[in-house]
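Paired with chain B in one complex and with chain C in the other, chain A is shared by the two complexes that follow.
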Partner chain A sequence: MNGALTRHFSPAWFFLLPTIAVMGTFLFYPVILAGVMAFQQSSGALAVEWIGWENFQFVLSDPLFYRAARNTLIFAAFSIFLQLPLSLGLAMLLNAKGDRTKGFFRLIIFSPFLVGPIFVGILFAVLFTPRFGMINRFLQYLTGWGLEVNWLSNPAFVLPAIILTALWMYVGFNMIYFLAALQSVSQDLMDAARVDGAGPWQRFLHVTVPAIKPVAVFVVIMSTIGSFQLFELPFALLQGTGGPDNAGLTLVMYLYNHAFVSGDLGLGAAVGWILAMAIFTISMVQIKVSKGGDH
Partner chain B sequence: MNLLHVALLLLLAILMGLVLAGRATAAANLARRSVLIIVSCLILSPFVWLVFATFKDPSVLNEYVFLPPFAEWSAETINLSNLRTLLAPQETVHGTYSFFLYIFNSVFLATAQTLLQVTFCSMAGFAFAVYSFRGRQALFLLVLGSMMIPPILLLAPVYRMVVNFGWMDTYFALLVPGAVGAYGIFLYRQAMMRVPKELFDAARIDGASELRIWYEIALPLVRPITGAFCLVVFLNAWNSFIAPNVFLQSTYKMPLPVILQHFVGQYENQYGVFLAGTFLAILPPACLFFYLQREFILGLTSGGVKE
Partner chain C sequence: MYFPPGKVILTLVVMVAVAAGYIGVQRAQFAATPPPDLHFLVFSRAHYERYRAVLPEFEAEEGVRVHMTLLNWNSLRNRLQAIRIAGLPMPDLVEFERSQFGALVRGPLDLVPFEPLNERLEATGLIDQFAPGRLELWTRAGRHFGVPKDVHPVMLAYRRDILAELGIDPAELTTWERFVAVAREKIVADLTGNGIIDRYAIDMSLTGNPELTQILIAQRGIDLFDARGRPLMHNADLADLIVWYHEQTTGANRISFPAGWGQNLAQALTSDLVVFIMVPDWRTRQIEMDMPGMAGKFGLMALPAWEEGGGRTSTFGGTGMFISRQSENPEMAWRLAEFLALDETLLESSFRRTNIIPPFAGAWDLPVFDQVNAFWQEPLGRRFIEVAGDVPVIHPSPFYGLALDRIANVLARLRRHARHLDAEARFDFVMEELGVIQSDIEQLIERDRFLSEEERL
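On to the complex of A and B.
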C-alpha cells in the first residue's frame, strides 16, 4: 500500500474519531460506570452513598424481582416455542416456487413491525376492551366465548395478552429471516432427496433444517435477547404499571421503576448488570447447545 | 353457526373433496393460499380498525367494530371530530401548542439521528475497510462486541452522565449517545470492502483528499446500503420511547410516542382522539416503507444473513 499512509499518522484515525469519542463516552464508559453505581445508593443523579453489595442483596431477595423474572421467562419461552415456529411455518408457506404473490404477502405479514411498540401497545389496549374491543368481539363471533374477558385487568389474562400482541408484531419480522434462509436451501439437494424417496417430513428434517440452522440459531438468540428486554409493549398496554397483581411486570419495567420512578439509579444499575449477565449466559448456552448438535 | 363458520367449513369441504378426487397438489396449493389470506386478514385487521376508528364519531365508536352500515352513514357517524379535537391547539405550562408540533419534533429527531448515524457510521466503516493501521483488528472487534451490550444496562449510568453534562431536557441527550452504532459501521465496512482499491488509489494520484475519497467515491458506490440503513435508523428513532421519556421533561419537546402515551391518560374516555393520533403517527413511516420495502428488508437482513 501507499507507504506514506503507514509511516505517518493514519487518516483512519480521523474517520474513526467520532466513533471512538461517542462509543467510548456513551457505551464503554457507562458499562464500567454501571458496575460502580451498582454498589451505590442514590436518590436522583447526584446524592450518592456507598453500600457494598446491598443492592444485589435487596434485588435477589425481592419477591417482585422474581415475579418480573418469571413473567419475562414465560414471555421468552412463548417467543421461542410459539412465535418462531409460526414464523418458520409462514416462511415455508411463502417459499413456494414461482409464486408472484410472495412479495405481497411478505409485506403484509411483515408490516406490524413498522409500528413502534408504544403505538402497538396503545392500539391493542383498546382492541382488548371487554365487550367492545375488536379482539373480544372476534373471539365471541368465532367461538362464542370471550366477549367479557377483561384481558388487561385479570391477572390470568395479562401475559397472554402481551404474548398475543407481540406475536402480531414480530411474527413477520422473524419470518423475513427464515425466508431469506429458506431461499438459500439448495434446490438440487432437495430434488436429489425427492428422487431418493424422502418424504416431505424427511426432506424438512434432513435438507431444510441443516441448511437454515445458522439463521435459526441467530433468530433464536436475537429473539431471546429481545424478550429479556421487553418493555415498551407492556408499558403501553398496561399504561405504565405492572398490571393487576404485577402480572405484566417485566425485568426492564422493574429496573425502570426503581431507577426512574423511585429514583435509585444505583439499584437500577445493579438490576441492569444482573440482566446483562443473564442475557450473556443464556446466549452462550444457546450457542453451545446449537454447536453440540453438529455431527 | 354464523357466516364465518360456514365459510371455514366450506373451505374444509373443498379441500377434502380435492384430496379425495386425487388432486393433492391442488389441495395443498389451495390450503397454502387460504392460510396466507387468513393470516393476512388477521394481521391487517388492527390497521383497518384503526383507520375507521379515526374517522368514526365518538358516539358510535363502541357501537360498530369497523364502520356503521351504509344506511347510517352521515356526518353524525363518520366525520373528522377526533382529528379536530386532536389537532386543536392545547394549553401547556410553556404555552399553547398543537399536535403538529409533536409531529415536527419526531420528524426532526428521527432525521437528525439518521444524518448523524449515516455520516459517522460510514466514516468508521470506510476507515475499517480501506486503511490498514495498527490496532484495526482489535478496534473492530471492540465495535462488534459492543453489540453484546444490552442498551438497558446503559440507561442508569447515561442518565447520571446526562445530568452531570447539563443535558437534561435537551435533544443532545438523545442525539449524541445515539450518533453511531455498531450495526451501521459493520454494514458500511462490508459494503466498502467490496469496492476495488484501485478506484481509491486512482483518486489519490489525481490529488483527491482522503475526505473527498470517502465522500465522493466510497459513499456514492454504496448508495443501496445507505438507503437501507437510513430506513432502519429512521424507523428506530421514530419509534423510540425510553430515552425521550427519561431525558425530556418539557411537554413541547416530546416526540410522538411519548406524547401519545400521555394522551392515553389525558383522553381516557375519548379514545378516538389518541387513536387518531396513533394513526397519524404510524402513517409517515408506513408510507415510506411500503414504497421502499426492498431497501428496508435488505437493511435488516444484510447484517446477519447472507442472501
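On to the complex of A and C.
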C-alpha cells in the first residue's frame, strides 16, 4: 500500500497543490456556483428557488440584451479591424532601426494603458464636454464645427466616443505585443526576400505576417475577450448609465445592472454564462480560422 | 548550506514561513484586543469625521466600544451585497445611500437583513418628527427599515448679478411657464453675434441625466412607484413633462445648456454661460468649494411651480441608517442611531460642514440655520427649511434607477423622431414608450418570487 502511494505520488503534486487550491477556491468553485445560480432565483443565502431555464429565457427575450450584445459586437469589431491594424502600424514604425527617439515614443504610446480605464473614462468625459471640452474646441478650431457636439448625449456619437477612447487607451498596449513579435522576425529571411526581389508589401505579406501570426492570433483573441468584457471604460465615461437610448450599454454593464443594481444575481449569472459561451465560441472560431492558412 | 530541492525552493519555503509568522503575530494581536460592542459602516467621509469626533462621548456615556469603518460608496455597496448574498452577519449599524436601498431589501420580507424600525420610531415619537416623505424613502411594504439622515430639498440657485443686470426679479418666476418665457425673452442670447449662444437660462442635461430629471418628475408630483412597489410610469403627466423637457433642451428655442458636473459646471457658471442651476442643500456646498471666487454672486429661490400655487421644491439624494437584524445588541445600535441622528452639536457641525439640513422638524429651530452664509449671503439653512416641509414623497424600488434610465432613453428617442412629429404626436409617442417601460418593469417585478402578497401586481 505504502509502496503504491509512493509510486503514484509525484513531488510535482506537492508543488501544484497551492495553485490547485487557489484556482479551485477562486476560479472553479465560483464558476460552478455561477452555473448553479443561473438556474435559481435567490435573495440572500436563505431564499433560493429553482426556476430552471427562466433566467435564460428572460435574458434571451429581452430587447435590451440584444442592444447590449449589438453594442459589444460593434465595439469588438472596431477593436479588431481598427485598433489592431493601428497597433501593428505603430509597432512597425517604432521597429525601424536607428531612430534614437523610438524608446521615447514607445513609452508615450504605451503610457495611456498605465492609468487605467476609470481614469481614462473620467478624463475623456471631460474632453468630450460640449463647448468646453478640448476635443470639441479642437474640432471647432480645425473645421468650424463641433463646439456644441454632445458626444455622450447623442446616441449616434456615444459608441464612436467609446471606440475613440478605447483606441487611445489600448493601441499602445497591443503595439507592445506586435513590437515584440516584429523584433523576432528573422532578418536573414528579410534579406533573402529582398535579394529575391520582393518589394516592401510582399516582404510584409510573405515574411512578416507569417512570422508574427502566432502573436497576432493571440492579440486578436485577447482583444475579442477584452471587448466582450468591456465595462469600466463606458461605465466611467457615461457615469454609470448605458448612455442615451442605451447606445453605450455593453453586455457586462447589462449583467452588472441586473446582478448588482437591481440585486437579481441569478439573472446576472445567466448573462455571465451566455457571455462566457459567446467568448468561448468566438475564440474557438478565431483559432480555427487562423489555423486554416497553415500549410 | 545544502538543501536538496535547490535554492529557489528554499527561498520560497523561507518566504512562506516568514509570511505565516507575520500573520500569526497579527492574529494574536487581534485576538488580544477585546471585540467592539458595535460595528458601524459609513460611506461618507464628512459623516465619518464628524461621528468620530462625537463617538467618544457616546462610548463614555454608554460604556461601550464602537468600531466605525469608512468605505467608499461603491465598496460599501459591494460589501453589503456580498454580506447579503452569503448570509454573513451584517454590521450592527450601516449607513447607505438611497439608490442602494431597493436592491438591499429585496427578497422575503422576514429575511431582509435590516430590522424594521416601526415600533422603535413609534415608541420614541420620532415617527411624527420627520419631514414628510423621508420615511417612505426607506420603507418597503409598510416596514420602515431606515432612519433618514436628511431631506435634501431642491431650490434654484441663480446668478444674482446677471438677473439684476437683465432686470429680472426672481420672485416673479413663480411657474415654469413664466420661467421659460422670461428665459427666451431676456436670458438666452447670442451676445457676440457669431451665431453661437453665449448665455443659457438653466443647466439641464440633454438626455435627461436621470438624477436631474428625477428632480422635475418628483416636483411635478409624479411618483414612479407606489407604496407597494408597483410601477406608475404610464402616466400622462410624465409624458407631458418629457415633451416639455425635450423642448427646453433641444432645438433653436432651447433655454438650457448641459453643463454637467464638477469643473465643467463651474466653468459654465463662472463664464456666465448658465444662469440657473437646480441645487439640493448638499450641492450648495459643492458650489462653495468649486467656485470660491463667486461668493456673493449667487442667490436662491424656490423652484418654479408646474401650476400657480403648486409645489415649489423637490428632492435629490438621501442617506439612511440601518440596524442589522442579526445585531447582537440592537438596543445599543438603536441608541447610537438616535444619538447620531438627534445630537444637536452633531447636527450643527454637520450643517456647518455640508450645508445639509436634518430631517427632524424639531431640530429646525436651531440657531445655526439662521446664520447668514458668507458665500450665499443669506441664511442658507432657513431658506432650505422653508421648503423642506413640501418635499414630495418618493417610494423606493429595486428598479427605480432602471426606470430613470429608461425615461432618459425616451428623451433620446424623442429627440431622434421629434422633427417628424407635431406636439400631439410627440405626446402620443412618449405615452407609447412609457407604456413599454411600464410593461417591462412589471415583467421584472412579476419574476420576483419573493414578493409578499401585498406587493404582488
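FYI, the second predicted complex is superposed on the first by the 271 of 295 C-alpha atoms of A that agree within 3 Å, B and C clash if a C-alpha of one lies under 4 Å from a C-alpha of the other, contacts with A are read in each partner's own complex, and residues count from 1 in each chain.
Here is the rule we go by: a residue touches a chain if its C-beta (ideal position, glycine included) is under 8 Å from a C-beta of that chain, and two chains touch if they have at least 3 such contacts.
Just so it is clear, the structure is predicted and the values come from calculations on it, not from any experiment.
Undergrad: Report clash or fit for the pair chain B and chain C bound to chain A in the combined superposed model.
TA: After superposition on chain A, which the two structures share, chain B runs into chain C.
Undergrad: Please indicate which partner A:155 is in contact with in the superposed arrangement: first for chain B, second for chain C, both, or neither.
TA: In the superposition, A:155 contacts chain C only.
Undergrad: Pick one for A:43: touches chain B only (first), chain C only (second), both, or neither.
TA: A:43 sits against chain C, while chain B stays out of touch.
Undergrad: When both complexes are superposed, which of chain B and chain C contacts more residues belonging to chain A?
TA: B
Undergrad: Answer with first, second, both or neither: which of chain B and chain C does A:232 touch in the superposed model?
TA: first
Undergrad: Would you sort A:184 into first (chain B), second (chain C), both or neither based on which partner it touches?
TA: Touch status of A:184: first partner only.
Undergrad: Would you check which partner chain A:246 touches, where first means chain B only, second means chain C only, and both and neither mean what they say?
TA: second
Undergrad: If we overlay the two complexes on their shared chain A, which of chain B and chain C does A:53 touch? Say first, second, both or neither.
TA: Neither: A:53 stays clear of chain B and chain C.
Undergrad: By the touch definition at the top of the document, which applies to A:265: first (chain B), second (chain C), both, or neither?
TA: Both partners, chain B and chain C.
Undergrad: After the superposition on A, what does A:30 contact: first (chain B), second (chain C), both or neither?
TA: First partner only, chain B.
Undergrad: Under the stated touch criterion, which partner chain does A:204 make contact with: chain B (first), chain C (second), both, or neither?
TA: Neither partner.
Undergrad: Considering only the stretches 114-122, 222-230, 240-248 or 294-302 of chain B, report the one that runs into chain C.
TA: Among 114-122, 222-230, 240-248 or 294-302, the clash with chain C belongs to 240-248.
Undergrad: Shared contact residues on chain A, chain B side and chain C side combined as an intersection?
TA: Residues common to the chain A contacts of chain C and of chain B are 42, 44-46, 126, 132, 239, 260, 265, listed in rising order.
Undergrad: For chain A, which residues are in contact with chain B within the complex?
TA: 1-2, 5-6, 10-16, 18-19, 22-23, 25-31, 33-34, 37, 42, 44-46, 90, 93-94, 96, 101, 105, 107-112, 114-119, 122-127, 132, 134, 137-138, 141-142, 168, 172-173, 176-177, 180-181, 183-184, 215, 218, 222, 225, 228-229, 231-232, 235-236, 239-240, 252, 255-256, 259-260, 265-266, 268-269, 272-273, 275-276, 279-280, 283
Undergrad: In the complex, go through chain C and note every residue touching chain A.
TA: 77-78, 81, 84-87, 102-104, 106-108, 111, 113, 196, 205-207, 209-210, 257-258, 260, 263-264, 267-268, 273, 398-399, 401-402, 405, 408-409, 411-413, 416, 443-444, 447-450
Undergrad: Which bits of chain A are touching chain C when the two form their complex?
TA: Going through chain A, the ones touching chain C are 41-47, 49, 51, 54, 58, 126, 129-132, 147-148, 150, 153-155, 239, 241-247, 257, 260-265.
Undergrad: Under the touch definition given earlier, write down the residues of chain B that touch chain A in their complex.
TA: 2, 4-5, 32, 35-36, 39-40, 42-47, 49-50, 53, 62, 65, 119-121, 123-124, 126-128, 130-133, 136, 139, 142-143, 146, 148-161, 163-164, 176-177, 179-180, 182, 185, 201, 204, 210, 214, 235, 238-242, 246, 257, 260-261, 264-265, 271, 274-275, 278, 281-282, 285-286, 289-290, 293, 297, 300-301, 304-307
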